[in-house]
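Listed after this line are the structures, all set down as structure tokens.
Paired with chain B in one complex and with chain C in the other, chain A is shared by the two complexes that follow.
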Partner chain A sequence: MDTQLSRDLKRLFETRLNSAMKMYLETCTRCGNCLDSCHVGASIPEIKYTAVGRAEVIRKVFRRYFKMQGSFAPWLGEVLEFDDGTLERIYEAAYSCTGCRRCMVHCPFGIDTQQLMSIAKALLIGADKEPKLLSMLSDMSIAKGEGIEETKASYAEAITNLEADVLALWPTAAEAEGAFSRPMPLEAKGADLLYVGLAGAHSIVPAAAIMNAAKERWSLSFFEAVNFGAFVGDSRKMKAIAQRIIDEAIGLGVKEVAIVECGTAFRVMRHFMGKQPFKVIAFVELIDRYLSQGRITLDKSKITEKVTYHDPCQIARNGGVIEEPRRVLRALTEYFVELRPTKEENWCCGGGGGLVAMGEMEFRMKSSKVKAEQMRASKAAIITTACENCHSQLSDLNEHYALGMKVEFLSHLVAKALVRPGQSYRL
Partner chain B sequence: MAEYTTLKTLDYKGLKCPMPIVKISQELPKIAVGEVVEVLTTDPGSLSDFPAWAKTTGNAILETKQESGLIKIYVKRQK
Partner chain C sequence: MAAAAEAVSAATQAVAPAAAGTTTDAVTAASQVAHTGLALAFDKLEYSVMVPLVYLSLAFLLVALVVRIVKILNSPPPPYQLALYPARKRPWMAALGESLGMPQILKRSPALWVALLVFHLGFLLLILGHLDILGSINLVPPASRDMLGAGGVGLMVTLSAFYFMGRRFKGSYRQISIPSDYLLLLLLLFTFLLGDLISWGNSWTASGFVMTKQDFAKYFDGLAAFTFADPRAILHGSHYHMVVLHVVLAELIFLVLPFSKIMHAFLALPINAVRRRVWTHS
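This part shows the complex of A and B:
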């Protein structure tokens, strides 16, 4: 590695050294509490797949360049210099971590491995060694924002072509006349809420039916909620991607932005984008509100099998949305059972941090053995979740480990159970 | 009407996020520069995603067609 790149990486590292990060780098007492916390380490028992093992790679670089001993007498302690081998170790640490932060729950000092891995990801970008697919997807999202006016008409046509699918789930739009008389309103001035979906009609149609049933004055975003800038650890791109949605929401003057079932998209918008003139909510929170306000009713006779729920890490442990999906599930079925462990302690699905998009099938399946075992132990026929990434990973686990479960989005179960006017149902 | 011959059809109907773009990114290097593929998708977002992807990667979208929920996108490898 040339000296200039090494200097650049050191400078890049230095820009990340705020007080919290220094505490994470200097405080670990090797207590071992995190050794069993990571689903990867629990599935593949190697120290490099534990939280402390990953953090240690970054700590060794920290010691080499920012501690007296490492700078003047590196031979005295465990340090890592920037070279190709170190970058390979940094890559393995960063992209074997899904950013679920389960280890942080168990760490007595609250050391945030995801934050430490944000240094790793920044260094990989600085060395031009990050996963190019994630950078390309980020760039695509930004380019989409720049050229959105050119494609709005064709998108609107595609949305019109999906109206019959929405009406099959709920027979009317939110209102009979005006801006909210279409099943999926676009650029609807006066909307209270902007709904942001993902690539795929499945992320829009059931949600539209639910919002129409609740008579929500809503508008559909032209953008996808997912944020690949966050996955690849590029904060500039992350903000540019989120800003497209912020500008759209401000332009419409909405009071709320509801994020599709996507954990990372929700966490970025709610926690990383600062104060905005609107509130950010996860779609499952919106469903819970509709139920509590009596704006929708669900027919419990639709589900006759045991259902369990996978808490998406970025929505539950890292987003605080834990009881809302449970209230929705109790309104939906009498057959809800918890996964064990559950809530803040739930095992990550193993697909986060960009791994699903990157493929990585062999690693994702091996590293999530404990998740598959947890799913099987629930004895549930259906596993539901509120995150696209988790849904993809749970579906892959279901097939790979022959679990024989049905993997469902929570919003899809809700949309199928909506009680229509005049319909008989069971509460 | 644009004139071109499609080498093959890629069926991306019903794929979840972000697979349509991931798959076209993996597929395009397998064909020669100048060749065209037809992508079938049901994702309304692909009508904005594919042009943005083409701009980002230096490829071209020759045409898009919509037929009652089915979207056809004609992608030309340019580099």
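This part shows the complex of A and C:
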């Protein structure tokens, strides 16, 4: 390979060597405790699809360029030089990993394969071999931030067209007069909370009804929460995309930013962006709060079938929101059952890390066989989740494996079960 | 068997006058014959291994370890939180518990966990046992002729190391292993086996121990006092050369350790802490 490129890639690798990354690279004993942690490896039994198998691709490059043995005894660590073959292996490792970090739960040292794959993704960008679709989508998000003033009017119009749908779920806005008298307030000065949705109405309408029912002084963001920069492993773009929302929140002076049911967007905002003058919460945490404060009540008679819950990796084990959705579900139905395994041990849906956005249908279905089996074994009629990506992937799995389940957003079930004013709460 | 023992004891008595005043056996007598040529060169080589190289390799180990650990821990911190949830109440205690107890392995492969416990405990006891040879440390009564564990500690690490090696030839484990994994285990295994042979070889003669803990204490104390005396004068056993080989391999371990995956011993706590420390607002 062009030595200039290989020098550049080495330099790029070096920029990722923070203290945690160095430990992840140095510490693995190849004990194999993570061999069946990865849903991909568990569904397609090949070493390259196990956590340690993927991580070793990056370690082999590391040993070549950053360890003495790489020069005098390359065979010791089976090192890999930057060449087309290596870049292909790096691509395969990185874009078959959803970054779910289930393997990190099982490693005696807590090695974070997602972080090691972030080196892989950075190298692919450096070699101009990253999935171009993800880069393009990132750039579009950033451009939208720069041109936001021009698009505001058309966005406001589109939102107005959705007002009737919100009112169908909940008959009033949050307040009778003033900034919060619209079903979906935009740029509402004095708002306590900024809600960040996604492109589709399904990500805004039910949430709006719930917040209105709770009489929240909220405002709707102009942006979509989704962060393609995080998927493609470009930390500069990831930050730029999140920064648009931070600027908007600071401009409005809100106390909290609630992120739509989207795992990656939530984790980036809550854990990757440093301290902000507002709190970041996942929408499901907000529902849980409304319930515990008695600001909304739910009609438990709406759901009469077994319901299970899929913990989105970036919200649960990587984001810290584990018990809240369970409290919401118990308020929603008597028929809640856990998946097995569950919580931090739950199988990834198989759609994270940009895979759903990239299409990749055949691989997603093959690599998530264990997920489909887990869903089927739950014997539930409904599977709920709190992440857009998971929802898409679970729906695809449901169809592909003919599971005959209903796949639902938790927020949708909640919005449909809101006990209306004057309506008595039937147990 | 008895006849053989008698023959050895007879031989010992036969050379007794030649080694007047010191412990009497044939090897002592032989070692007092002036060496020339190749034998002299080997003497010098063995002396280098047993004295100067011990200092050099140990010093290298300490310096390299400190430099490497400081370099790793002093690198810029990760730009964002990498904790896993549910969060633990006391993250550092959780990390310590995980470093010492490896609950993840206990849960997923109990057999490996037992082997790891035996190995790591054995390794710690091995370090202690070697320190205990020094005259000033007395975990085992100074009058004992055996090292700590009387060969049992050696067995602990040897058997578990064999288990680790065997595992690496099976299925998926073979596929995730790299040459340095096997070589490191091989190096450890040979060192352990030689150690085992030394402790076993000590009781080969009818009169019992050839090199006792007290003899090794003299050698260790000489090292600690920087006398640069030739240990051959103290360690008379015919298996002295095995001791030398054992020491060579140990020195090799010291040299490669800071660059090997044994670094996990020192990084286990800080790396586990990364998994447990929550520092963004919750």
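To be clear about the criterion, the second predicted complex is superposed on the first by the 421 of 427 C-alpha atoms of A that agree within 3 Å, B and C clash if a C-alpha of one lies under 4 Å from a C-alpha of the other, contacts with A are read in each partner's own complex, and residues count from 1 in each chain.
Rule of thumb we're sticking to: a contact is a pair of C-beta atoms (placed from the backbone, for glycine too) under 8 Å apart; a residue touches a chain by one contact, two chains touch by 3 or more.
In this text, all values refer to a predicted model and were calculated from it rather than measured experimentally.
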Touched partner set for A:Ser154, first chain B, second chain C, both or neither: first
Which superposed partner A:Thr297 touches (first chain B, second chain C, both, neither): neither
Contacts of A:Phe109 with chain B and chain C, given as first, second, both or neither: second
Which superposed partner A:His391 touches (first chain B, second chain C, both, neither): first
Per-residue contact with chain A, leading partner among chain C and chain B: C
First (chain B), second (chain C), both or neither touched by A:Thr172: neither
Chain B versus chain C as contact partner of A:Glu56, first or second or both or neither: second
Contacts of A:Glu224 with chain B and chain C, given as first, second, both or neither: first
Touching both chain C and chain B, counted on chain A across the two superposed complexes: none
Residues of chain C that touch chain A when the two form their complex: 72-82, 84-87, 98, 102, 104-105, 108-109, 112, 172-173, 175-181, 183, 259, 261, 263-264, 267-268, 270-272, 274-276, 278, 280-282
Chain A residues touching chain C - in the complex, by the definition given at the top: 17-24, 26-33, 35, 47, 50, 52-53, 56, 67-69, 75-78, 101, 104-112, 115, 235, 270-275, 279-280, 316-320, 322, 343-344
Contact footprint of chain A on chain B as seen in their complex: 14-22, 25, 42-49, 51-53, 55-57, 64, 66, 68-69, 71
Of chain A, residues touching chain B in the complex: 133, 136-137, 139-141, 143-144, 146-148, 150-151, 154-155, 157-159, 161-162, 165, 197-204, 222, 224, 226, 228, 262, 357, 359, 388, 391-392
